[in-house]
Every structure is written in structure tokens, then in C-alpha cells.
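Presented below are the structures under discussion, each in the form of C-alpha cells.
Look at the two complexes coming up: subunit A is in both, with subunit B in one and subunit C in the other.
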Partner chain A sequence: MFSGWNLVAHGLYLFLNICSLEGGLVQSCGHIIPESPVLALGSNFTALCILNESCLDFGNIYANQIIWKTKNRLVPKEQYREINRTVSSVTFNDTTLLATPLTCNILADGQIEQNIYGITVTLGLPPEKPKNLSCIVHQVSKLRYPMTCTWNPGRHTFLDTHFRLKYRWPREGFPDCIPKDVNNSCTITDVQFFVNLEIWVEAANALGKAESDRLVFDPIEIVKPLSPHNLSVNSGILPTVLKLSWENRISAAVMKLKFNIRYRIIGETNWMQVPPEDTASPRTSFSVQGLRPYTEYVFSICCMKEDGVGYWSDWSEEKSGVTTEDKPSKGPPIWRIIDASHSPAFWTVHLMWKALEPLETNGVILRYEVTVRAKSPLSHPPEKYNVNTTSLTLKLPNGTYEVTVIAHNKAGASPSSVLLIPARNSKAPVKNIRTLPKDGKLWVGWTAPNSYVLKYVIEWCLVSNSSDCVIEWQNEPGNVQGTYLKGDIKPFKCYLITVYPLYADGQGNGQSVKAYLQQDRPSKGPTVQTKKVGKAEAVLTWNHLTVDEQNGFIRSYTIFYKTVDGNETAVTVDPSKTEYTLSSLASDTLYTVRMMAYTDEGGRSGPDFTFTTQKFGKGEIEAIVVPVCLAFLLIVLLGVLFCFNKRDLIKKHIWPNVPDPSKSNIAQWSPQVPAKHNFSSKDQMYPEGSFTDVSVVEIEADDKKSFSEQDLKPFDLLKKEKSTSEGHSSGIGGSSCMSSPRQSVSDSDEGETTQNTSSTVQYSTVVLNGYKHQTPSVQVFSRSESTQPLLDSEERSEDHAGGNDSTTQRHQYFKQNCGQDETNTARPRFERAKQITPANEEDLVGFAQLQISGQNSQPLGLGLEKNIEEATLSDVIQASTEGQTVRPETVEENPASADEMPKSYLPQTVRQGGYMPQ
Partner chain B sequence: MAAAETPSAALRRRDLCSRGIRLAGKMRSDVADLLDVYVERQGLDASANVAALDGVPAAAAERWGEQTESQRLLDNLAAYRAFRALLTEMLEEQRDQAGPADTALREALAAVLLQVSAFAYHLEELLRLESRGPPGEEGARPPAGPRLGLGLFERKLRGLGVLRELAQWAVRSARDLRQLSKPGPGGTAAVPAGPAESQ
Partner chain C sequence: MRCNARPLGVLAAVAKGLLILCTVPTNASRSSQASYLQQTHSLVRHMAEDAQELFAFYESNQSLNVNNICQSNKWVEWLPQWDVADLQAPSALQELYGAMEHMHQALQTILQHQRDLNAPGAKLLQRLTSTHLKVRGLLNNIEALLRAHGVVPVHITLPEKPVVTKVFQQKLEGCKVLWSYSRFMSKLNADLEAKGFRDCREKRRQRRGSRRGPRANKKVRRS
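So, the complex of A and B:
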């Protein structure tokens, strides 16, 4: 069944093909009208598909089988209409949605779709009416005047639209002007003037044609002429006039021209213009007046139709010219700096004047003529100076002068500038001087004095650490009370500005103010450091920032300080201060401090500085130490007083009484000795009071310890021992030359007492009182430098009496003195005494006396008389200086003697037997 | 005639006269320039004397001062129609020469031709204002026969003569129009003086 239908369909297909080919290659079973239409967007459109009759018979194809497609998309059947059995129509209400191609197709047997015909539909818009048609005639040469017309072509039509510019005279037409590559302008190569031209634009495409409104005009009314050329500028006789000449490039037969002339000073940008009414008529030259002398001007000119109908030409090329010179219009501003420091009688006057502005020089300044006229009654004739520079330094006697400066150029001399240099600036100064930055410049204002001021001089200079104050200045008329500084005023720099009022008969004092054009933060902050740190306060100090570092007025300082872990505290400090005390600080704490300096624009911080507060406050240590010291001193004083009160007791313990050799049994055994003594002279030589000093020194030098009660105990014991041995101690006393006093003392007190005593007295044999119950016949203080036993002298006195052989005596002496030379014993000890108490001259003197006495006593071992003298002296001292002792020198002074002592002392070791004659 | 003019017609006449005078002045200036170019391009002597040419209207007129306005207009119109034909001929002759300088000459000739046509239009309009209307152009066409047999040099000389005569006519026409623009006995509105025709 299916195969049968397929066979039929296939046969039908072949049939249609055959039908198509039957009438040739292009024959088909139908066609569409209209053929490839151009449709307006948005319009409605109806197409008809008409089947050929021949196809109806062979294929049973009818109009009701037709289907319509737009670009292979089926058109809804609602838009179809079967007009008859061979014609089917399709209608589109809006062609905007109509896609191309539109095809007419047929369904054979309701299944097989066969294309019958197709058309291409072009959619677009009809042209709009061109609008805003306007024309201009550009003169391109003397004879050629092409006219260009422009218009608005309207909307895009999506179609090929042609524009034509049509023009004609009333009775003569011209070829259309067809735009090239554009659709909104066209240029007519040449137009003729003085005949009205009718002109319009025609736009046309497949959907229609449109014309612009028609313009009728004479092309001469829309001409933009060429600008005049060959412009030349010539200076005239007058220094304020330049004559311009030019050539016009449009014939006067075509149009009469009027002109416009502009000019400017070379280097400036603003143009000035000659009044148009002065150049409203045809011309080829014009003299421009009112120009500045000796100034280069640039000129340019343009033209248009005289009646103002049409367009201005472009400006011509620029040409320049220079006016001739004229006399300088004013004298140069003059000022002075007076240096009176070198000599009070003479001034160094540095005159300076400003070069005139170009507007004022009116030429080239060739020289300045300076006249200095002294105004004193005995004035000399005025002195004239011709200089080429703008300054002149003169040395003038102190006084009042009138200085005149005149500038000369080729055309003549300027009016004179006069400056009065008074002896003193005694006139009223300006008041209330103030500054204000404005528009990038620094404005200075002041309040005028009550008197009439001729003019003001404003001086200023940049204040800097690195450079001197180089003065700049300017003049201002006397009727102003403020001006801008005319100079290179830099921001962030400090300027010292001084205003002087100049009067007809003198000059006022200058009033100064410091100012900044613009402030900034300081370039650095102050470096703070501590001047003094206490327990709870710290004195901070810093230096002011230099002017170069300030960048503005320092309004305040702020000190920031904090502990390591604490919050930062800020303190604001007056900018005039350089020191500040931080208080309420924690003791023994590390603080970090920094300092910021503020201007009006902000602040900048200096480096951090750390310090640590002290643990103790001021006086705390003193409060502890002083009482302790006082207590110590009090104790010492009490000890001294105690010792003083107990001096007798102490003395007995420290200096055991030495038995008086004269009272000894041996002395008694040598009965001639006392008879030989003559003590009368000794009494005079050593009065009682002469040893008082020695006694005092002895006490003071004693260590307190030696007088302490604890120490006194051993003395008591010693005393007791000594007391018990008094009876046979004469042998000990005789052996004291070999055993140092220390040895004798060390029996009772080994340590300190011995040392202390050794520091004051070398050694001595003191016979103050008679040993207890012994009373010497004569109180003698005897000091011996010798280690020779006293008894020996007694013994040798006998020898001396017998023959007194010095050689033999010396020999014996050597034996007893352990080989020490006699002469060597005295001086070294004296010298050692000097070494021990070098600072106590008085003591030394006293001691020297003792030494002398010792030396005097030295020969006791040499001669009997001396021994007698010494014995007598000992008695004297004993009587007069009771209780006052002179301590013998300690062993440390001569350790060698101590070491050698046992050898020589050996024969005396037998104490019980008393003295053993050798 | 003048008494019957409406204000608008008077303004129109004055405008036509004014612009006609200026057009005549420009035409004279352009023709003078064209003469220089023409003499140079054609290799002629500027001082060459050209005798009166057949078909070229002569600017000289006897009793010129006694002519009526209409006669002036008609004489001018006839002359310029003749010049239009003559210049058209000259332009046709120049088309064969293709050099750039010849192009400039042709453009200048075409420009003068346009001006001649424009001036003829002015005259026709003025004649319309005279209620006469311009005459037909058939009678104004110059006889073409005799020039067909001219040689090249003669044609150049003839062209020179045409241009010289046109320059003369430009001067005369300016005077004619200035004469027309003067207030007539019928109260014709005065026309401002145009540029000096001596320019």
C-alpha cells in the first residue's frame, strides 16, 4: 500500500520536473507578483502566487495547496487567501517583520512540498525632506568662487538614496551638483554674482523623492573672501604709530570690503583691536595709533563685504613691527642701604635703583645719571655719577642728602627720581603691618601714618640659616595701604618684610613683620632630651627648630611621653619655651618621650628619647646617710670624751711606766752619775709647756679603739703585770733599745694599738713620772733614737770617765746596737718620721724638736755628760708633761732592725738577772 | 511707464539696476583679466589692432545721451545676446585644446559667458518691468556663415575683438543702467550710486 503511494508521489515529482523543463530552463508552474518589490518599512503588502494552467491539468495542483514562506519560515494560513483555483494571495500588515525571500510553495498530495516561485523583498524608507540647506561661497582665488552647500539629509532610508543640489537662475538652469561620497553637501565649482540663484536639494530613492525648501539668494551675499595678503608694518615718525599696508584679493568690482585689524605686543597672548568703525571702508592701508614706544607689535587683518552681509575672511598671516624709541616715561625707583657700622662719622650708602619696566623705558637705557646733593648749609656742589649698572656705593659723611637718578635712552632723559636720605628716620612709622597670602602672592598691608606720605618702600628678604638676608624692595605710591610683593616669593620660606614711609622731608622708621606665603608642616621635629631626671619628674630640654626647618610659624610644641606599656600622654607647650618639667612620673620607670612642633599646617615629631626615672628622690639618700653619719660621729665623739675622761687609765695601759734608770738599783750602783748631771740648762731648754703639743698629738693620733673600754681591759691586765714586774723592770728598760716599743706594747695589745702608736711616734723612752713609787730627781722627757740600753750609757759613762776612747766606745756600741752605725740611726728615723706625718708640719716641728732632743740624747751612749743630760731631761719631762706620752716608733718602720734584734739582743734575754754587763 | 510702477516694481527695478551695474563692473574686470589670458594663450599681441568685426555689436553709439530707457535696454539686450552667442562659439573652439592653461582659459570664458547671460537676464527683467517684455532671441543670433571659413588665426583675432568689445559694452552698460536708475521725471525712485565704472 505504502509503496504504491510512494510510487505515485515519485511519479508526480518527475512530472513536475518535466513540466518545469518543458518550456525551457526558467519555466515553472507559477510566479509571484509583484516581482522583487521595494517596500516601505511598516507598510502592508500583498503578494499573489499565480499557478500556470498547464500545471493544473497534469499535477492536480490548485491554489488551495499553496503555502507561503518567508526565509523558509511558514507564513500563517490566516494571511492566505485563495482568490481562485490558480491564484493565492498572502498579506502582511507590517512589512517590518517580512523576511526575504518570500516563496510560494505547493504541497503535492498534501505531503510533498514543492517550491513554485520566490521573490526578494527590499525594505526601506522613502527619503525625508532635506533640511537646513545653507550655502557659503569660499573665495579660493581672485576669480574663483566655489559655493558649497550643506544640508541635513534626514533619516537613514536603508535604500540607495540619491541627493542632488539643484540651482538655477530664473530663466536659466544649470547642471545639478551631485555629492561625491557624502549625502549632505555639494560644491558648485563656480558661481556668478549679482543674479539671484534659486537652489534646493532633491533626495530620491526607490520609495520616493523629496525636495528641500528652496533658497533664493545672490551668491555675493554669502561670500567668505580671502584675507588680505602681503601685510607689511612700517614704523612712522611718531613712536606710538605703526602703519599697516596690505593687498586685497577680491576685486572691488565684486565687493567692497571692510576690515578688522587686531594687534598684540609680541610675547603676549591677548589681542587688541582697532575700532571697527575706523576700518569700515575699503582701503589697503591703516595707521594704528596709541602704541607703546619701542615695542614690538604683531598685526593681523581680516575682511568681509562692506555691508556686513556674508562672512568674515580668515585672519591674515601675522606681521610684526617695532615702534620707535621715546624718552623714558618715569625715573627709576630708588632705595638705599646705609651701613654706619664702620665709622660713626661716615656712612657707606649703597644706592640701588630698579631698571625700568619695558613699558617705562621706551627704548634702550644707555646710562643712569646719579646726583648726590648734601643738604647741609655748608654743602658742597652736587656730585654727579654716570653709571651703567643699577647700584652705586658711596662713602658719605653722616648727614642729609638728596639723591637723584635719571635714566637716559637714545630718545632722551627720564624724569628724575628723588630719594631723601635723612640723618635720622625720625618720622612716624606705619602701623598695624600685616600680611596675607592671596592668589599665590604675598600681600602686605599697613595702616598709613597720619602725615602725608609720598610713597612707601617695602623691603623684604628671605630669612634662612644658610644664607644672608638679601634685601629686595619695591616702591608703592603714598595713597595705597597694601600691595603684593613683586618678586619670587617661595612657599614654606620665612620672609622678613619691612615697610618704610617716605615723607617729603624725611623718612619714617621701618616696621617689620615675618610672613610665609604658604606654610607647611615642619621638616623635622625638635630633638628632646633630659636635662635632669628625678624620681617623679624629669626636666626636658630642646632647641628651637631652625628657620629652614620650621616651614611656618611654630604655634605650639606637644610633648608625648609614655612608659613601655602605658598610654601616651601629651602635653602642649608654649613655642617660646625650650624646657619643660614632666611631673607625676613613676619612679624607676623607663619613659619614652618625643616632641612635635606644630605650624598652622600640622606638626612633625622629633626622635624618641628614653630616660629612666630615679629610684630615690632628691634628699632621700641624704636623709638616710646624714643621720647615720651624725650618729656615727656622735658615737665617736662620745668615745673621745670617754677616752679623754679616762685618759689616765688608758695611759697606764698603753704606756707602761718605765722605771727611772736613775732610781734603779744600778743607778744607785753608779753613784757618780747623778753628780755629773747638770739639769739646770735642761730645765730651761725643755720647759713644762713645751711638750704640750706633743701630748695632744699623741692623744689625737691614738685610735679610739685603743681607748675603748674593751681595749682598756688588757691594759689593766698589762698594768697589773707591769706593776708586778716593776721591781725588776729596769732590765727591760735597758733592753728597750733592742726590743722595739711595739714589742713592749705588744705584750698588752698586739694589734691596733701598736700600729696606731707607731704611726705617730717612732719610738720613745718615756719617763713621765717616776715609776709609781719612784720619783726622779729631775723630770726629764728623754727621747732616744738609739736602741742602746740606757744602762749601757751609764756603764760607759764610767768608761768615758776612765779614758773615753771613742773607738772602743763605738766598737762596743756596735755590739750592743747589733751592728748599726751610730750616725745612721738618727737621720733615717728622722726622715721616716717625716714620711709618716708629712702633712702635719706642726707635729713635725714638734717632733723635730724631739728629734733634736733625741739627737742630743743620742750621745748618751757616747759620753757621760750627755747621758746625764738626758736623764735630767727625762726627769723634767716627767715632771712637766705628766700623763702625756710620746710613743716610740713601731717595728714596721725598721723591720730589719727587728729581724736582727735577736742576735744582738740575745745577751739581754736574761731578764731575771737584770742587766748583764758585757 | 515709470509713473505706473508700483513700489515693489520700483524696488525691483532699483535692485536690478544696482546689481546690473555691479555685474557690469565685475564683467568688465573679468573680461580685462580674460583678455590678458587670452592674448597670452593665443599668442597674440595685446596691442594688435582688430578692425570692426561682423556680428560683433559695437559699444559706440551716437546720441547715446538721447536714447530712451527702453532703447538703452533693448540695445544692451541685443548686444549681450550676441555676445552670449559669440562667447559660446569661442568656448566651443577652445574645447579642442586640452592643456591645463587652456582649461583655465576655458573656465574664464565660461565665467564671462555666465556673466553675459546673467546681465542679459537683468536686462530682460528690466524690460519686463517696462511692460514691454524682452524681444525674441532669433534676431540677435549672429550670422554664422562667414566665420566658418575663417582660419585659426583669424578666429583668434576675432575672439580678441569680441572680448575687447565686450569690455567696452560692460562700461557702457554700467552707464546705461546708472542712467536708468536716475530719478526720472515720473518720480522714479533714486538708485544709490554704484561703483565707479572706471574701476
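So, the complex of A and C:
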């Protein structure tokens, strides 16, 4: 029973021991030395875990079972050391790697890990020696002088570090000054002057203490006093003096002061200072001299210890004061504008003078006194004018005058300003006038004339399109050769500046120059347009930019032009020009052109303008048309001349000579009445080979188109000719076969034509030849163009021609070619002509078919070639044999093609003075 | 009258002692001694002004500015009243040192009384504290001067004073001390100023004499 209780008690004891770390209910089984150490970063550290003897007895726990952990990480066993059976140590060579907490644990029964004890390790750095300790005593009132000391606390220690400002007298110490919320400064509420104070800073934390270097000083040496107060400014008797008074807020017994006084003209920003040596002694007032009359000044003052040890006070509040008035220091600058345009005998003189600068007025200008004295030869008494303005307009006789202007204020009158108004400006002018923008102002320079110049007047005005030239001016002394314009000179505006030298006895001519304070790009570019556009050139015109648009001196124009898809070409043009001719342009091309105007600061482009060059140049059309017309006229003329010369020939071609029927001797050669005709005589009359005026129409069959429609035109002509010559037709019916083809060409005139044809006999010969010695493929047509009426004897002879050979042959001919005539041979010619018309139409159809089926007709043509030659020959023979010899082979050689071929007439040769019968 | 003349004599003696210290410096501490003298002189000037202001303020603050009640009182016995012309320098400093120790204690008493009569931070308390600080400062400077001469200041044993329980008596006692103190400091400051001017004049004369001497000798030789 006892042993059982003992076992339970032992177990409970062990449990409580182990649990004691968390609960602290009972004594721990062990502990770590040191307890909650503060360690320097980077140092080495050794901890000991000491087991209680009780644990050895009851728990069988020994030091060799101890394991160390840092933040639950097992410390390598190489760092352990078992000092004895109850003590185990662990060593860390670098505490930087040491994590907290550090725990001591045991392995109960070699496996169960039980925590014995743990400590929290604090890592940090010892304080550094505070550096740069300095102090200043701020006066906050007449009796309170707190001293503030600051220092550099050094590196961060990661620990709670306390700083204390320590100070003491040689025989007495004071409580430390402990900084509040900061670690680098502290304020001692009150210090005592003239007793040396030893002061230093002490920094302390768990790892140690550090002290700054000790300072020993008299606090009076580091005082920053309060600035003087109740500053007042009083004007003195003199207009250039103001007296300052103030109160010091530190006793002279404590500190003798020196002062610094600054002042400025009200409205200006720059301060001036009274020389420090003038205020280096204790005082409560000072008279500032050398001030401008009637000027308001602002003053401020500060102080410090007389010997310069310590700090300057802040500047006091500002106080202002005004000096009293004085006489104007100089006369107002005067100038004039003379207007002699109204009357040459009288001038309108605009006198103008400038209000004096505040520096010069020395008060309030009450009035200006203007005196005008006429110089000889004029003898007017001086005239005085009192004005309140700065200009006066007078009408004076042409002459020389001396104008004097005096400004008055309360204190007195200014020196007089004198201007000589001469009759003319004939003196030497300045030379080489030039301008230069500089420091935001416009500087004007010139070369002085050789003569002595009293002063110069620089006159300028803003050149603008929108406003008149309002003249501004200024005076400069005669010894200068350049000055800045004292006016509101605006940038990008053109100014016309004129410099006049004034001599003792007159004034010189003014020399002018234009200038800009600052240039810019033009506000717009020139608007270009074409004045004239040609084939390869275009004349461009533009207007100069106005002065307001220029914004600077136009240095050049650049014309850019391009085609729709071409590169842009630039041409630089002199700025004085307003016209330029673009050359080498492509004809009939759209060009886009724009123009830029350049100043020194750049250019700006005007709007685009497009134009199209012309297709033809100037005179080109005329050069083409005129020669063509001339050539045409020449050709016509030549043709007319030719026709005129060849009129007989043409006439014979067009209007062949028709033998006078009354002179006809056809009866003489009619074969039917050989007896009645003298054959021999006729033969003699027309000997063989003596034909004259034979109309021969040669139709050369070139190819299968030989009988094209155009080729039929002559037939039409003939038809027309026939129509026109209808009245003259003899009405011989033997030639009416010719009219049949024409009818088919002109259907509308069919009836009439047929009728006309039937009543007309044309005498002609149609010879169809091959083109260029080629064999024609058609039959030869021939007809008589004679309108000679047939005689009754002839009619009769034909009627009776049946038994005659020649008649038979001829009849056969007509039979072959005018097939239907066969049955109507006994009819009169007119009737036959009518009757054969259809046959002729068929023949024409065949003719047309011949034209269309040229290829088929070719063999036929070839076959006909010989026949034609033979027919021609036979014609000749027939003609030579007076038409009696007819070769029937001519038609018989191609009997099968007779229907296809057009009916032809026998060739007819007409002799001069008569005709050959068919 | 005698009472009034005595402190002036003490002041003159102290001033003389300070000037002697000024004119006869030791080798080692010459510069620091001069500095201490200058500081002490400035401090005395400062304290003299402060003492007058404090007295005036105290008198008005305590409503004692009627019938010169404070000024007609007897001179406090611990402020020296003898002739300063007989004062040796270290002894004069020692005398002054003892007077300031008395003053230090007297101011402590006045402060104690006034703390009962004024709220903390009252202006009178501030002024009394400031003056007390100045007296302590002067004690430090005199000790430093004495030590510079190799003299260890002797701390005097202040006699037990009867406890004044009546407030008016406390005020009046304070007024009497402050008036005597202001008079003492004013006289001391005036003597120091006068002695300082006088000594400076003598120094200039001595310098001139030292410059003229060789020349005069040369002239004599020529003649």
C-alpha cells in the first residue's frame, strides 16, 4: 500500500516538475543560466542548463539527456558540452544567428522530449558615443534663456537606450536633462550666464554606457537674442535721412549688442544694408542717411553679442518711413513732332516731355513751365505756358525756337530742359545704326558723327497694319553710342527705330532701322496662286505677309511643289519677290504647290494650291493647225490648178465630147447600108491607130474584192451622169444593157433608172484588167457612152440583120449577154431595154456573186484572162475592122459561166469627131 | 550712515582683490583666470542689475513700497561692511565668498517663505530662483578664482537664525535682505567698473612708458 502511494507520488511529482515550465505551479526540474540575457550582436554566448537534484532522484534525468533548441530548432550537438551529470552547456560563437527562445529539453526514456526550461535572448548593440554635441541659448523673454543642446545619438542599438544631457558647474551639479520623445536633443529651461558650464551627453542601455565629449563654455557665448522691438522710423530735417529707434530686449548688463540694419525702397525686393561698422556698438537708435527724397523705405533690424560671439537674432518686424521732398533733380526730357503739312509757313509743333522718374522728381510734380523763345530772325517775346500734362501743341511760324521745360514740386523747381527746334535737320546724322536683343531688352547702337553731340533722341514706334505708328522716344547723353529702349518692347513685333543727334545749334537727320526684340515663325504662310499656267511652266504669285503676320524678318520664301505621286520639290525664293515661275513641269499634270515663309526662327507654310499644266504649249496648236491648213490649201490649190490645167482632160473624162448628131456620118459606116456609106472614106477618116479621145475605164481586179461596192461607184457615177445627161440621151437602145446593173444597186430608182437607162445610151468602154499585170477574173464590160441617137437606117439595119454574118455574130453576142433579148430582137430598142432589165438584174446578181465567191471565180478569172485579152484584142481588131470582126470564141470559150458573169458590152472605141459602132 | 558705508567698503575691497587677481596672474592659469575675472565682473554687473530689479519687484509684489519701509531697515550683518582698501585679494575674495554663502542661504529662506505665499511658477518665485542661481554662479566663480590662486575656499558655518513665523515679518525680512543685497551688488559693480578703468589707464601708461624709455635714453646719450 505504501509503495503504491509512493509510486503515484513520484509520478505526480515528475509530471508537475515537467509541467512547471508552463504553469510555474511548482519548482522546475532545472533552469538556464543566464536568465534572459541581453547579448551584443556578433558576440559569443554560452548558456548552462542546470538540472535539479530532485529530478535526478525521481526522474532519472541526467545532463547527457539534455538537448538544446532555439526557436524549436535543434542546436547541433557539437555545441553541447556536458559539464557534469546535472549541467549541460551550449555555446554560440555568433549571437547574430541565435534565435529566441533558447530552451533546454530532455529526452525521457531516450525518446520522449520534455522541455525543462527556456529563456528569451535579447540581442542588440551597446550605445555609441554621442557626437557633434552643440548648444544654443534662445532668448524667449528678458529673463528666460532656455538652452537647447543637440547631438548625434549614433547607430541604432536595437535596445532601449537612454540619453541624458548632463551639465554642471565646477562646484555644483544640476539634475540631468532627459530628452522627451527624442534621443538627440534636450532643453535646459534656464541657464546662468558668466559661469562656465560643463556639459556632456550620456547614452546607456543594457550593454553599456557611452559619453560624448564634454563641452565647457559660458552660455553667454551661445545666445541667440531676441530681435529689437518697437522699431520706429521718423523722417528727419534732411530729405535724405530717416531716423530709426528701437528697444532691445536683452539687458546691456547681460550682453552688449551690435546691430545690423537693412532697408529697401517699398515695392522693391532687394535689401540694402547699413554698413555693419556703423552699428557695431550698443544703441537704441540710428539715422540712416543717403536716402532718396520723397521715397518710402522699409527697415528691419537684428542684433547679436557685440563681440560677435553667438548668434544673430532674427530680423525684427518691418517698419516703413518716407523721406521728405526735395527739388526735382533734373529737367524733364523733351522732344517734339513737327507737322508742316497743313501750311508751309506755319508748323504745328507737338511738344512732349517725359514725366520724371521717381528718382528724379523728389516729390510730387505740381506743374511744368514751358517757355518758347523765337530765335533770330524772328523777334517774338518769349511765351510761357504752365501745364499739368506732359505735352503741349503749338502753332508756330516757320523758324527756329528754343523750348525750355521746368518741372516744379513743393520743394522747388528743376533744372531746365532745353530743346532747339530748328528750321531744318541739316546736321550730320549718326551712322551704322544697329540693334541687338539682349537680356529681354532691345539695344540700339550707332556710330557717333564727327561733330560734338549734346545728346541723342531715340524715337521708335510699333509698325503694325492695324494701328498707327505711335511714337515713343527717349533721350540719351551725347557721350553714349548705344542704349536700351526704355519702353514696353514686345516680342514678335516690328519696331521702327530712329536716332537723331542733337547739336548745340540744331539736330541731325534721323537714321532708322527696323528691329525685333524677339522673332518667331510667321503666324501664317503666304497664299500662293497661279498667275499663268503653261505646258511646262507655271507662274506663281503671292502677296507679302503683313507686318503683323511676319513675326520677324522674312529671310526667304520656299516654294514646295509636287505632283500627285511625285516627290516634293523645294525652291527657295528671295523674300523681296512676289512672283516665281516654276519650270520643267510635266504637261497635263496636276501639281500641288504651297509656300513657306521663313524668319530666323523658322517657317510656316501657307495653304496648298493645286493647278494643272496644259496639254499643249503656247503656239503648239497653232504650229500644227496652221501648217496643216496651209498644206491642205496648197494641195487644194494645186489640185485646182492641176484640174484647171487638165480641165480638158477631165472634162473629156467626165463630159466626153458628144459628137454633134448633125455632123454624124454614121450612115456612111453603117454595115447595113454599105452602099450609102463611103467605107473607104470612113476608113480614111479614122485610119487605124489614129484614135483620139478614147475613154477607157480600166477596172483592175486585184483580188476577190476587185468588185467591191466601191468599185461600183463609178457605175453609180455613171448612172448619175446618165441621169444628168438624160435630156441629152440619144435613147439608143443598144446600150440599155448597161443600165441593168445600176438598177440593182439603187432599187429606189429602179423604175426611173430603168426608164432613164432605157432611154439613154452611154458610150464608153470598160476594160477590166488585172491589177498590176494580174489577170482579171471578170468579163470585160464595154459600152458606148455616145448619146448619139441611132438613125432610122440603123434601126432598120438591125431589124434586118438576121442574115448577115456580122449581124449574126453581134446578135449572138447580145444573145449571150442579154439572153432575153434573143426573143425580142425585133422590138424597138426602148422596149427591149425594158424587157431585158430583169435579165440584167440577174446578171448583176451573178456579178455580185462573183464578187462574193471570188475564190470560185478565180479559176474562172484565170480562164477569162486570156479571153479578156483576146476580147480586147478582138475589140481592137473589131475596131480596126470597123466592128465587123467578132470572134465568137470570146463568149463560147466559157459558155458555162456566161450566166454567172455580168453581161458586158462590147468595147467601144470612139474616134475623135465620131464614134465606133458596136 | 555707518551701516551704509560699511558694505561699500567691502565691495571696494572685493573689487580690488579681483583687480589684483587680474593684474597678477599665475603662469599656469593666466588665461583661465582672466576669463574667470572677466566672467565674474560681468556676472557682478549682471547681478547688480538683477538685484535692483528683484528688490523693486519684491517690494511691489509684497506691497512693501510704502514709506521706504524696506530701505530704512538695518543692513544685514553678513554682508561685509569694512573698508575694502585694506582687503588683500584672497581675503577679499574669501570675504565675498562668505557673503555670497550667506546670501545663498537667505535666498533659500525667502524662496521657502514665498513658495508658501505664491503658486508654483509665480513670477516672484522665478525671479528669486534666477537670483539664487546667480548667487550660486558667483560662488562658483569666486571658488574657481581662489583655487586658481591655490586657495581653498573656506565654507563658513552659518549661524542658526530664529525662525520667523509671521508672514509680514518674513516679507519684511526678505525685503531687508534684498535691499541690502542690491545695494551691495551695485556698489561692488561700481567699484569694479571704476577700478577697471583706472587699471586700464595705468596699463596704458605703463605701456607708453616702456616704449618711451629707450628713446629717452637715446636722446640723453646724444645730448
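Quick note on the criterion: the second predicted complex is superposed on the first by the 582 of 918 C-alpha atoms of A that agree within 3 Å, B and C clash if a C-alpha of one lies under 4 Å from a C-alpha of the other, contacts with A are read in each partner's own complex, and residues count from 1 in each chain.
One rule holds for everything that comes next: contacts are C-beta pairs under 8 Å (C-beta built on N, C-alpha and C of every residue); 3 or more make two chains touch, one makes a residue touch a chain.
As the structure is a computational prediction, the values presented were derived from the model and not from experiment.
Student: After aligning the two structures on subunit A, examine subunit B and subunit C and state clash or fit.
Tutor: clash
Student: On the A-aligned overlay, A:His350 touches which partner chain: subunit B = first, subunit C = second, or both, or neither?
Tutor: A:His350 sits against neither subunit B nor subunit C.
Student: Could you look at A:Ala253 and tell me whether it touches subunit B, subunit C, both or neither (first, second, both, neither)?
Tutor: Touch status of A:Ala253: both partners.
Student: Just checking: does A:Asp190 make contact with subunit B only, subunit C only, both, or neither of them? Give me first, second, both or neither.
Tutor: A:Asp190 contacts both subunit B and subunit C.
Student: If you stack the two complexes on chain A, which partner ends up touching A:Lys129: first (subunit B), second (subunit C), both, or neither?
Tutor: Neither partner.
Student: Determine, under the contact definition given at the top, whether A:Pro170 touches first (subunit B), second (subunit C), both, or neither.
Tutor: both
Student: Between subunit B and subunit C, whom does A:Leu143 touch in the aligned arrangement: first, second, both, or neither?
Tutor: A:Leu143 sits against subunit B and subunit C alike.
Student: Residue overlap on subunit A between the subunit B contact set and the subunit C contact set?
Tutor: Subunit A residues touching both partners: 143, 169-172, 190, 192-195, 218, 220, 251, 253-254.
Student: Which positions of subunit A touch subunit B when the two form their complex?
Tutor: Residues of subunit A touching subunit B: 142-144, 169-172, 190, 192-195, 218, 220, 251-254, 256.
Student: Which part of subunit B faces subunit A closely enough to touch in the complex?
Tutor: 19-20, 22-23, 25-26, 28-30, 33, 107-108, 110-111, 114-115, 117-118, 121-122, 124-125, 195, 199
Student: Can you list the subunit A residues touching subunit C in their complex?
Tutor: For subunit A paired with subunit C, touching residues are 143, 169-172, 190, 192-196, 218, 220, 251, 253-254.
Student: Considering only the defined contacts, which subunit C positions touch subunit A in the complex?
Tutor: Its residues touching subunit A are 35, 39-40, 42-43, 45-46, 48-50, 126-127, 129-130, 133-134, 136-141, 143-144.
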